[in-house]
Each structure stands twice: as structure tokens, then as C-alpha cells.
Amino acid sequence: MTSMPIDTTQARALYTKLVLIREVEELIAHAYAEQQMRCPTHLCVGQEAVPAAVGTALRPDDYIFGTYRGHGIYLAKGGSLRAMLAELYGKAAGVTRGKSGSMQLIAPEVGFLCASALVGGTIPIAVGGGLAAKMRGEDRVSVAVFGDAATEEGVFHEAMNFASLKKLPVVFVCENNFFAVYTHISARQCADNIYQRAAAYDMHGVRVDGNDIVAVYEAMREAVAVARNGGGPTLIEARTYRWREHCGPNWDNDLGYRSAEEAKNWMQQEPVKRFERFVTEARLLSADELRTIRERIVEEAAEALTFAKNSPFPDACELLTGVYAP
Amino acid sequence: MSRLLTYAQALNEAVSLTMEVDPAVFIIGEGVDDPKGIFGSTSGLKEKFGDRASDMPLSENGMTGVIIGAALAGMRPVMTHQRIDFTLLALDQIVNHAAKRCYTSGGRQGVPITIRCIIGRGWGQGSQHSQSLHSFFAHIPGLKVVMPTTPYDAKGLLIASIEDNNPVVFIEHRWLYNINGQVPEGLYRVPIGEAKMVREGSDLTIAAVSYMTLEALRAADMLAEAGVSVEVVDVRTLRPLDDKPIINSARKTGRLLVADTGWKAAGFSAEIVARVVEELHGLLKCAPRRIALPDCPTPTTPALANNYYPRSVDLVAAVCDMLGMKPDRPFAQATTAVPLDLPDKLFTGPF
Amino acid sequence: MSRLLTYAQALNEAVSLTMEVDPAVFIIGEGVDDPKGIFGSTSGLKEKFGDRASDMPLSENGMTGVIIGAALAGMRPVMTHQRIDFTLLALDQIVNHAAKRCYTSGGRQGVPITIRCIIGRGWGQGSQHSQSLHSFFAHIPGLKVVMPTTPYDAKGLLIASIEDNNPVVFIEHRWLYNINGQVPEGLYRVPIGEAKMVREGSDLTIAAVSYMTLEALRAADMLAEAGVSVEVVDVRTLRPLDDKPIINSARKTGRLLVADTGWKAAGFSAEIVARVVEELHGLLKCAPRRIALPDCPTPTTPALANNYYPRSVDLVAAVCDMLGMKPDRPFAQATTAVPLDLPDKLFTGPF
Amino acid sequence: MTSMPIDTTQARALYTKLVLIREVEELIAHAYAEQQMRCPTHLCVGQEAVPAAVGTALRPDDYIFGTYRGHGIYLAKGGSLRAMLAELYGKAAGVTRGKSGSMQLIAPEVGFLCASALVGGTIPIAVGGGLAAKMRGEDRVSVAVFGDAATEEGVFHEAMNFASLKKLPVVFVCENNFFAVYTHISARQCADNIYQRAAAYDMHGVRVDGNDIVAVYEAMREAVAVARNGGGPTLIEARTYRWREHCGPNWDNDLGYRSAEEAKNWMQQEPVKRFERFVTEARLLSADELRTIRERIVEEAAEALTFAKNSPFPDACELLTGVYAP
């Protein structure tokens, strides 16, 4: 018997985040049709294992930087669920008082420093987080989470070079879901080799099954340990799949840009059930425990949604406030 | 033969027709050949023209360099950006390279590229997806900048842009995509560099940019009921700017209001005000005024975005104020009922 | 205690002093620690502060992202660009990211970065190395933009910029680097957002940007000999723009001339004209006027560049015209003897 | 005895370009002190083998795109010497009528389509030349020549990806002289491995001694042949050394940013003498022939300089012409 990669505490933490992300995203998908969340919303249903594992592998004081598809890492890093849903509803209790909606979530109190609606935008910003940590002699790690298309932007290259040059405590996590909106990676990139590009930057690169939360967690833990101990950056490519449409709550395989079989295959590799099977078979958690965790989350999510719906909008006079920091 | 087409269809037809007649024309951009076809404006081109209508990697600066090089080598590329915000990644190529090439070649090289960019608003697009950055381009010698309002102008100006031997930044407002208008079949050009008087009036001139032309026309309708006669000039081309129709109109009416889709400070609306007052000293009956975006990024929540975008009622209020009138209450009520993060159904045309 | 320092020395001292008192401050840029030290403005910092004064790869957009991230993580970075033209590569990070962060965080996050950019001219720098792109930054809510003219202001505004919790674009004119001025020792601040009347006068107001302030002062000297009294306001901060001193001055003199280092169309000078005429309707004695660059890229050859940059004689000519005077010949002769692609020796100060 | 890599005709062509570049650069260095060439001028003395070999390996209808350090490829591609010198003097007979000086030379009539004063600026532009050739079904090749620092810019990455994705007929030639102004590559790049980055783009990469004109020529001929036959792009890293200051005619090793020994070592690998030794030893060209070629070039250069000095400036009214193409 091979040694168990995770223990019960880790299993519980991973499962909690995994299910939290899934349940919240599904709740949003359901509520979105009411047209009260009036902002572009990019769900990560199907991809939850990546943010859940990444968030679990980090300390609260580590930094993370993400994209417009950011609910997953926001929740996994410990951001307030109520404040996130309130933000989607454009309410004053939202993380940014309704000023940035789903695409630019933040939770600075738990190290989620920023997200961007510009593809690739936060990759170099995350490197800056690593630079700050290193300059101050802290053992903090800074993580950039981004999609496959973000690696086509010049800043990806610039950020990789600088992080490696200065041996910064950075982990680059690419969520490769093979698509940029409706365009397959093969129409955008010269090779399907994202993790191998690390070599060009004298950096370790690793590819993992992004629907296997344990695999992502292990790769992430190793990368974080290396970074924390002064060993410099790592690039992790986690291969996964987005279930719903690029932006919005619907299913869109009928558009014909990807095949039903492909989607079906990926859904058979569904990360939540797969992890449930793993932890129960490994007797890390019982089916009962899983049910309890999920029920608590469902309840919490429903409560947060009600809170968000019922909380007040910001006052009109806030339009011109907060442009500049005092 | 003229038909009723949407703005999106007019754009599509312009590209399709130029591609038919000139094998040097091609179109490239993120999503050009995908199921949505840039909100319909590129749908069907892939089927008709194969690789000449193609998607591209997310590499805005590099790909702009690519079309500049293709242009120098004799092609006539069209690029699309679903949001003008993405062009900020490509300003080195657009401003440092494309805009300078003709001059720095001693007039020997043209760079016949057209860069289509969509500006927009609504549904919580927020700070990074709804900027209206036309003043950047209008500032740069070597670029041409057009912002058509009607389907007719969209087609005619896009054809003229593609046929132009210079880099043209072609800016489309997303809320115009569904408006209708009479559009002739076949190739025709609307000359770059001509403003257009779209409504005659005698009391006040509104010079409007892009979508704000529709808000201005609506304001003019509302004001007409109150006995105020407003002249509306659609700027259409920002560079080279055709200031004569605006100056002439302001000379006639004695009052100038500029309605812009962008920010005010150091923005395009300031240029219009400056040109007019430089020409018409002592001839205006009141101070010129600018209606533009408030000086802050775009908020996402409708609670704040509702007050972000100026609309016809704001123009009406400004006009009344400039004329020393008290605006009637009904004006305000007329539009505030419409949800402001979705395109206004009243604005479908035909124009 | 105050000493005579050059503008470059004043900049150097500002960075050095802020680095001494605040360990969060660091400076990074191409050439920061090389033998030339950004024309002397960063010389010695590497020796004093080690890795806190460092060079960087040629990755303008990425490195701007890096300093934004460092700022979000509690640092207070200063970046240098030897030419503002290079910032066009970084506008995505500056405009889409840094400028928006505070607002889109609901006011929770500041981005305390200072981006020093040099604008310049002369010795055939040409189209890609001599642009004056300040109007781009002045257009964007969320940025602050300063352009100091004197060594005193350079030091005080740079300290204020580094201490500011917002992204500040700090623009230095290369031809100011060698001018002298009294500069106090120690930390002091010149507040961001204050224009400054630098010469009192009664006949006409010149609002000048950066280096053009020196040309304006010289023009004022020349005009004084002809009995014309010119008031000069140094704009100093472009965003937030302190328009009151300019408006008050124009109200008093009744005439406004704007002297800018950049292009005219949709540029910063238009904003000043617009603000003044919006406030002073009917109070100006003649049309306002702008002196700016001709509407073309910068040519390299001195034969053309000599006519590209406006100088004191051009200001004198404009002023005379606005006052209905014929300019005296000697004015023109006074400066055309100076080679125009090198900094004017008459402009060394002290200021 | 191994087979001879070049024949007499090629040797003559290579030598002619090599000496042309050297003599013209030295002439400029000498005349620059008169302060009549009033524009920033970046000499390629010491690096001549790269442009000479690259130019010789191309057909007249091939495209080339360069940098502000562009005299070498301008001359090697066949640009008019008179027009180049007139340009440096800001004269109307200059390639751009004095409008762009040394930094943005062009010679469209021989395929030199543009140069840029922005580092990295023309790399993607060169890819566009390749795209045009491919779309039209021509067998033309498009070459990007750039410095080591240009590979730090995002557009390098973007251009490499697109060229490889579309298998464009492009050759990327990096003149690695180890410095960006006064900054060594080790302070800017995570590894001294430029040619190896090609692998990340599924592209062939090769490193050559940039002071060995035969080596550069062979690598270039192969890359051009592959590109011309539809085999896609190649990245060539040619390692060489700039002798004089970054910008201007002077020597600057006294500034201390590089060591005298390093410079001396490189100067011992001097490309012109090295090639002279090679061709005479291989009996491809005689010492007499070499002397004749050089003398003709020296004469031609002197004549061109006189022409440039004596020709008229553009008329002041040209300031505002040529901003837009008709």
C-alpha cells in the first residue's frame, strides 16, 4: 500500500472548500436568471479542484491574485461568502461596495489582493507580491492564478523571467481549460505544452490533472515549500474543464464550439464525486461526514444569498468616492 | 437598393464586400470566427473567406505588430477588439509604430490597417470593460479615428477605413449594434473627415460623439415640445476633425453643448470647445458646456452606474440651463423608467 | 539650509531622502544603477541602498505590474522610464490596473507607486523618443499627474508623489535637468494639485506646462521691454488640475494663452482652454489661444526639428497678435541664433 | 579535409558586406565628432558578421526588419549607402528625407521594410511580413533582427508563438551582445539561454558564434531554406560584442560596466580579420582580392560621405508633409 498523500484534516479542509465552491457556483447559476446580479459572472463549475487545492495549500498570510473567474480562489482563500454574494448583487455590503462586481473580487484581509478582467493582468502583479515578501525577508508566498489564454500575453513571459531572475517566492498556477471563450487552445498556441515553458525560464514546471484535487494539492504544496524556502518559482499547469458557458450561468455546448462527447468525458472526471470516492475508499472521511459538511455549506450559502438580496444598495453619492486613496 | 439593416449587419457587409473585391483584405481578432462572431459583425466571414477571417492568440500588442508588418508587405488587414480597453496593451504598436511609419518613411510607406474597437456600457461591465478611450487616438498625428453612429455611416465609413492607406481606429458603440437604418447594397464610402449635421435647429448646437448622437436627437425631440430648437452635429470623425460644421452651427445658434461618451478631463470634448471658442470669440451667447462621464472609473452596481452615464435628460437639463429655462418635470420622468444597464429599446431606429 | 542644486540633483535627493526614512520605498528602472544613473538622477542610490535601487529587464508592462503588486503588498515603489514613449508598453497596467484599483476596491486599496517618465527633445530623438504624452495620463481618473519645472518643485513634488497613496505619473522634461535652483535640505513637500503663479502681470495670462514655463518666463521678459505685462502660471499638476489660479489670472488679465509641450488636438491645452471659457464667458477680451506642437510626429533632421518646437519667440508673436500689436523684429533674432536641438544655455537658472 | 562550407562567390559576397559595414561604421564614428550628424547613432562595430551573413543569405525580395542599430542590415540587404549617410546628416536625399535619422532606416526597394527605436518593436512586425507572404502563397522569407534585451519584451513571446502556430516563413535573429546599454544580460534574464527558448514554441533554436561569419551564414541559410519550404520559423542566437559605446562613436570601457579583458578577448575574435584569415587560408580569395574589395569600398564610402555632406536639407515646408499616405 502506498503512503496516503493527505490526512483526515487535510481531506476535510479540501472537501469543504471543494464543495463550498461547487455549491456557491450552482447557487449563483440558479439565481442569476432572476437578473438581479447585474454584472458579467464567470463560473468555475467543473474546475473547483484547482482553486480548492491551491487555497488549502496556502497560509492565510500568503498572497493570491486571480482573474475575473475568481469566485473559486476567493472562497478557497477564505473570503467572506456574504460579502461576495452582496458584491454580485451590487450591494453596499459587497467586498467593494458594489463597485467591481464578480470580475474584480478582493479579500485583502485573507491575502486575496486583486483580480482583473484583463486576461493576464494579474500575473506580473502577483510577482510583485513575491518581490515585496522577499525584500522584507518574509517567508510569504505569492500565487498567480490564470487561464490558459493568459499565457499568450506578453506579460506572462515578462513575469516568468523576472520571477526566475530574482528567485522570487511565487507559484504560477495555470488553469488550462483548453478554451478562451469559444476558441480552442490549438487555434491560439503553437503547442499544448504550457508547463514545459517553465524550462525556458530555468524554472520547474509540472502538469497535473486539474480535476484530481489531491494531485493539485500535492503539486501546490511542493511548489509552495520550494518558494517559501528560497528555491524560487514554479509553474503548475492544471488541466481541467469549464462546464457552463464562458460568461453567465447557462450551458452552451449546443453552440458547437466543443463536442458533447468531450464535455461528457470531462464530466465523468468530475472533481467532487471523484474526491468523495477517494476519501471514503481511503477511509479518511465517512459518507456521513461528507453529507454533514455539504449540508452545512448549502445552508450557509442559502443564508448568504438571502443576506445579499436583502441588503441595501450603496448610496448614490458613493459614485464619486474612493477614486483616490487618502 | 437600400434595405433596413442593423449596425452589426452593416459592419459585416462592409468587411465582406471589401474582402470580395480586394484579396489583400483580411480580418483577424479574438472571436472573429466563433459562434457569436463579434456580436454578429463577423458572422459568416469564415465560411466565405476561409483563413482570411481568423481568430488570434490573446496577444494584442504582438498581433497589432503582425498586422502592421502584413500591411507594410502589401496586405490590408482589419483587426477587431471586443473592447477598446484591450487596445491599451497595443498602444506601443499603434502609437509608436503604426502612427509614425508614414511620416518616418518620408511619406514612402502607408500602413493600411483598420482597428475596430468596441466601446460599451451596461450590465456591470465595470472599470476595465467599458472605457471610452477615443481621445487617446484623437491626440496622435498619423492615426485616423472614426466613430459612426448610424448603420449607413458604419458601413460607408468602414469601407472607407479599410480602403484608406493609413491606420484607422474605428470605434463602435455596443449599444448601437441593434439599431436599424437604411443601408444601400454594394460598396459605397462615407468620407473620413466629415462631420454631419443630423438635425437642424436655431437655439443651440449639440456636437455629439457616437451613441451620444442618439441621446442628443432624443433630447432635441423633447426640447422641441418645449419650443426649443436644437441643432445636432454628429462628429463622426475625430481625426482629422472636421470642425467647420460645428463652428458654423455654433455661430448660427450662439450656443454650444458637447456630448461625449468619454471622460471630460483632457478629453475629446475639450478639443471641440477649444476649437469653437478660438474661432467664435464674442459670438457665443453663453458659456459652452460639456456633458461627459463623471471623473471616476465605471462602477459595476446598477445603483451607481445609473448615475454614471449621461442621457437625454441630462442634455435637456443642460440645454434648459444654458437657455435660462427651468426644465419641466416630465422630461426627467420620460427616461428614468428605462433600466440603464441595458440598451434603450426606444433607440432601435430606423436612423 | 538651501543650496543651489540642479533639477537632476533635486530628483536624486528626493528619492534618497524618502528611501532613508521609509524602508518600503525602492526604485527600479532600466539603467537606475548604471554609470549614467538616469542622467544623474539616480546616481549613488545603489551604493547607499543596495538592492533597493535596481535595474530591471526590458519588460515595461510586466514590471509595472510588478510594482503594482509590490505596492498592494505594502511597498512604495518608484519606477523610472528614460523616455515616456516606453510607457505606451505599460498602459494596460497603468490605466487598466493601477488607476482603477482604489475605486474598484471600494476605496480599500491604495496603489502607492510613482512612475517617473522623461519627456524630451533635441539631437534628432525623432518620432519614437520625444513624445510628450501627458494628456493620456491627465485623462484617467485614479491617476495623479505632475510636471515640475524648477528644482525646488522637482524635489518637493517627488517627495509628495512617493508619499502619496495613489499612482502618480511624474513627468520630467530632459531640458530641465541642468537648470539650477535653490533647494532646501531635508524632506519637504510641494502639494500635488496646486498650480503656481510664477510671474505677476496684468495684460495676459500664460498657463504653461513644464519646460514651456521657462519659455513663457523668457517671453514675458521680452514683452516687458515692449511694455506688455504678462502673468505666468506654472500648471505643475495636471491631475487633479488646480484651475483656480489660471481662471483667476485670466479673469484679471482678460487674455489666455496656453503653452504646452505636447500636441494640440485632444490634448491637455484644450482642457485648460475649456475650463477657462466655461467659467469666464464674456470676460475675455480676445479668443484664447494654444501654443503646442505642430500636428505631426517629431522629425529627426534639425532642418525640420527647428520649426517643430515652439519657443519664447512664438509665444511673443502670439501675445502680440492677441494684443493687436506688431511684434518687433529683435524678438525673433534674440533666440533663433541658438541651436535648437541642444538645451538652451540661457535657461540654466537659478529658478 | 572537410568540405568547404562556402564557395568563392559567396566568400566575395560575404567579405564585401562585412567590410562595407565595418568601413562605413568607422567612417561615421570618425565624422560624428564634427557634430553634423545630429541624431542618436548606434554603431555595430564588432558585430558586423551577423548582419553581413544575414543579408547575404537572403534574396532581394525577402523581407527584413531591424532595430535602431540598423546600419549593418540596411547595408547588407543592399540599401543605398549615399541615402543612408544623407539620412544621418538630415538631408533631403536621405532615405526618409531626414525625417527619421539613423534609428529608423528603411530600404523598401530591397526588402528592408522597417526599423524601430523601441526595443522589440519590429519582432512582431517581421512576423506580419511572413504572414503576408504565406497568405499570398509566395516563397518569400521574413527576418527579424533584434538584440538580446528585446527577448525580454512580451512581444518577443507573442511573436514567437504566432509564427510557430501558423508555421510562418520567419527567421528570428538575435544579436546577443550581452548588454542592454550598460546592463549585462545576467542582471536582466533568468538564464543565458536565448536559443533554447525556441523549444517552448516548438521551434528550432540554434546558437552560433556571431563573430564567425561562416557559422552565421550556414545557420541562416538553413533557417531560410526551412522557412522558404514551409517548415516554419527558426530562432538563431548569434553571440557577439559591441566595441564602442551603446549610442555614439566613442569607446566607453572606462565607465567600468564591462571589463577591459572581456573586451580584449572579444576583439581578438574580431570578425573581419578572422574571415580574411579563413578565406586566404582556404584559398577562396587572395590577399590582393581582399585589398581591392576594401579599397573600392573605402573610396565608395568617402564619396558617399561627401555627397551626404554637400546635399541640401529638406525644405522647411516639409515639416507637415507625409503624416498621412494619400
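Letters A, B, C and D name the chains as they come in the text, with residue numbers starting at 1 for each one.
In this section, contacts are C-beta pairs under 8 Å (C-beta built on N, C-alpha and C of every residue); 3 or more make two chains touch, one makes a residue touch a chain.
Every value quoted in this text rests on a predicted model; they were computed, and no experiment measured them.
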Result of counting contacting C-beta pairs for C-D and B-D, higher pair: B-D
Taking each chain's C-alpha mean as its centre, the one farthest from subunit C: A
Whole-Å gap between the CA centroids of subunit A and subunit C: 42
For subunit C paired with subunit D, centre-to-centre distance based on mean C-alpha positions, whole Å: 37
Distance from the mean Cα position of subunit C to that of subunit B, given in whole angstrom: 31
Junction residues of subunit A - those touching two or more other chains: 94, 97-100, 104, 116, 118, 121, 152-155, 157-158, 161-162, 165, 188-189, 323
Residues of subunit B whose C-beta touches two or more other chains: 56-57, 59, 61-62, 85, 89, 92, 96, 103-104, 126-128, 141-142, 295-297, 299
Residues of subunit D touching subunit A in the complex: 152-158, 160-162, 164-165, 188-191, 193, 196-197, 199-203
Of all residues in subunit D, those that touch subunit C in their complex: 38-40, 90-91, 94, 97-104, 116-120, 149-150, 152-154, 180-183, 187-189, 255-257, 313-314, 316, 318-320, 323
Parts of subunit B lying in touch with subunit C, wherever the complex brings them together: 61, 85, 88-89, 91-92, 95-96, 99-100, 103-104, 126-128, 131, 135-136, 138-142, 238-239, 241, 262-263, 265-271, 273-274, 277-281, 284, 286-290, 295-297, 299
Subunit D to subunit B touching residues, read off their complex: 63, 65, 94-100, 104, 106, 108, 113-114, 116, 118, 121-133, 135-136, 142, 154-155, 157-159, 161-162, 165, 321-326
Residues on subunit B engaged by subunit A in the complex (per definition of touch): 30-31, 34-36, 55-62, 85-86, 89, 123-129, 294-297, 299-304, 306-308, 341
